[in-house]
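Look for chain A in each of the two complexes below; its partner is chain B in the first and chain C in the second.
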Partner chain A sequence: MVAASWHIAAKDLRLCLVRGGGLVQALLLGLLLLFVFSLSQQVGETMSAQGAAAIFWLSSAFCQVLVFNMLYSLEEVNASRLGLLLMPAPVQAVWLGKGLAGLVLLLLAQLIFLPASVVFLGQHIGAAWPQALLMLFLVDVGMAALGSLLGALSQGQAARESLLSIVLFPLLVPLLLAGIRVGSAAFAAAMPEGAASWMGIAAAFDALFCGAGIVLFSFIYAGDD
Partner chain B sequence: MASRYSLAFAVLGAVLMAACQWFIYVYAPVEAVMGLVQKIFYVHLPLSWWGLISFFVIFVYSLAYLKTRNPAHDRVCTAAAEVGVLLATLALVTGSLWARHSWGVWWTWDPRLTTTLIMWFVYAGYLVLRGMDLPASRKGVVCAVVGVAAFIDVPLVFLSARLWRSVHPAVFAAKGGGLDPAMLTTVLLCVASFGFIWAALLLTRIGQLAQQERLEALLRIDD
Partner chain C sequence: MECLLALSHAGKCYGTRAIFKDVSCAVPAGSITLLAGANGAGKSTLMRVMAGLSRLTAGTVSHHVEAAALGYLGHATFVYPTLSALENLAFWAKLYGLNANEHSLLPLLRRVELERFARERSGTFSRGMAQRLNLARVLLLQPRLLLLDEPATGLDVRSAALLRAEIAAAKERGAGIVWISHDVAGDAPLADSIFLLQDKKLAYAGSAAAFMQGGAVW
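So, the complex of A and B:
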């Protein structure tokens, strides 16, 4: 199953990164959000670290919606979903492959969003950056696990981006809170409660939704429309 | 059969709720600090509890639907989502009124209120999903998956909301336990009365959905 997942992820990444159109759209939307929120400051004013971290994760969340819609639409627009389903591997390999591809694309997008947050929102990276980096990875894993599970359900629907957003965003709240809290510490804000408890929540979320993905994906991703 | 039960529950709920008015306004003492506004509690608590129970029912019947593909389970999920969102909406409104009087703000980062709000968003999205134009069996499966995913998220939402709040401690002290016995009796009666009304609403809605499906099937045969 893991080998099949790698193949699916590699195929999706090649399609997305060679064509580039989908990721460019997600990147532009995230950057636009960062820029628009930077307008909420007066000239010379610096945004709070927590505010900046919230905007960073908001951009990432919208980016994630576009990324997973793009990943699942690769098969839909070519009417080749059955091809994936006939692959000699468990259907969960599709969930894992799409999740891996989504994780890579999200991390690539955040490579752009992070410096953009520093520039547009007037932040600087503090001493807590190693734990923030670990938290960023944990949050991204959870976002990819849930995004890959729910990304499949909105395929074939009109306004699938908005549909996925309204289902996905509320479920992501625990992860986003964890990311914002530890992210704000990376932007030099104090975090009296420490990062460990937030990491525990993010890790629990990852474990829960990786399990849910493995169990539930086969119900969503089937041959019927 | 279901309609007979729903009628019985509705009658029981109405009688008990009428009795609850006496308990709320005569039997239970007026709270010393908040005064009459504290009476919101007797409505707010049952609304929250039965709202959350509705979401638990969705979780259980979603699992059952995924296992059996029985459309009756899907109808229970639909009805429970509608009733649950209604109750959660009312719980949020009454909670907001409580917050305004007691803490001077319409909204606060209280873990319970926040969890209710997040759940409201999740299940409002679930109802949007229910409104999609999809074949019934596909819609049932998709909604069942969301119903399961939504409920397993509840503990994490609550924990993260509580942890988040710990950095904004300025505002409110945690509520002390130990209700006055008269208040406790009253609130338990209110929970029971809302429970009967909840059951009546749920059964009525399940019956309506079954009728709707039957009518749609008959129309398809006619075509």
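So, the complex of A and C:
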């Protein structure tokens, strides 16, 4: 299953990055959000670290929706989805493969969103950045696990496509909250209180979303229309 | 004769609408079975059930081959348009744990007369070329159970002949083949048996020769 997931992820990354499959749209939307929020500041005014972290994660969340819509739409052009369903590996390999590809794309996007947050929102990198980086990874894992599950749900009929954003955002709230609380440490002088608890919450939601992906994916990603 | 696939009292509904019911049949190795019926009779749905792509509402389907030994060739080409023909084949080969180097894949493209387009993006291919690439994907797997849902759709005469030759070769290799065809009269001479879906039931399951002697027109 892991080998099949790896091949799916490698193919998706190749299509999205090398063959210009379209990370650009997700990046532009995220950068636009950061830029628009920067306009809310007076000249010389500095946004709070927590406010900046919230905008960073908002950009990341929108980016995640576009990334997973794009990843699952790759299989809809010539019904390659059926081919993936026929492969001699559990169907969860698709969930894992898409999740891995989505995680890489999200991290790449954040590699651009982070310096953009510093520049547009007038932040500076604080001393607790290693912990903030660990938190970023923990939140991204959960976002990828859930995004991969719900991205599969959104494919097919156009009416269902809106499901991804409608269902995704409420479920992501605990993870985003943890990301904002601890992520603000990247832009502040010290770690916020209760950072360890927030990290524990993020890890617990990662486990929950991974479990949900493994159990539910075969019901969502099927050959029946 | 070894049975590769068996359906027992199989039924399929979409909501309250029954597609077929009480279908029982078996697909032996080394045989070609034509699946016939009017448009909307449920042939493609039955084939998707046989492939394991669709769940039954009633009854059971038993596969006596491994998932890796099942080949499915339908209307959809499974082609990634931004990948080249070679890259498409390599992806499927890797998914099935097969050798994905050029030396093993190029002969397959040669077999379906696509070798000179091996490095071209398959998005530039015509429908017939994409379907031949799809055929190469199936040939790569060397399936023991081959399910064909109107595989000749979009193929020119030469490509259709190539397809028929590959179907005959698969039978010689011992594969069990189920084939949905629009041209039952034309394809029946290749077939050993025929399943006829009519009025949501399996109205005929028997020898192709006897079916054609009965004067059936499809």
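Rule of thumb we're sticking to: the second predicted complex is superposed on the first by the 215 of 225 C-alpha atoms of A that agree within 3 Å, B and C clash if a C-alpha of one lies under 4 Å from a C-alpha of the other, contacts with A are read in each partner's own complex, and residues count from 1 in each chain.
Here is the rule we use: contacts are C-beta pairs under 8 Å (C-beta built on N, C-alpha and C of every residue); 3 or more make two chains touch, one makes a residue touch a chain.
It should be emphasised that the depicted structure is a prediction, and the values quoted were computed from it without experimental measurement.
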Where does A:42 make contact in the superposed view: on chain B (first), on chain C (second), on both, or on neither? neither
With both structures fitted on chain A, tell me whether chain B or chain C touches more of chain A's residues. B
Applying the document's definition of touch, where does A:173 land relative to chain B and chain C: first, second, both, or neither? first
Give one of first, second, both or neither to describe whether A:74 is in contact with chain B, with chain C, with both, or with none. second
Just checking: does A:82 make contact with chain B only, chain C only, both, or neither of them? Give me first, second, both or neither. second
Where chain A meets both chain C and chain B, residue numbers: 222, 224
Which positions of chain B touch chain A when the two form their complex? 66, 118-119, 121-122, 124-126, 128-129, 132, 134-135, 137-138, 141-142, 144-146, 148-150, 152-153, 156-157, 159-161, 163-164, 166-167
Could you pull out which chain A residues touch chain C in their complex? 3-4, 7-8, 11, 14-15, 19, 21, 74, 77-80, 82-89, 222-224
Mind listing the chain C positions that touch chain A in their complex? 48, 51-55, 66-68, 70, 72, 74, 76-83, 91-92, 94-97, 130, 137
Residues of chain A defined as touching chain B within the complex: 146, 149-150, 153, 157, 163, 166-167, 169-171, 173-174, 177-178, 181, 191-193, 197-198, 201, 204-205, 208-209, 212, 216, 219-220, 222, 224-225
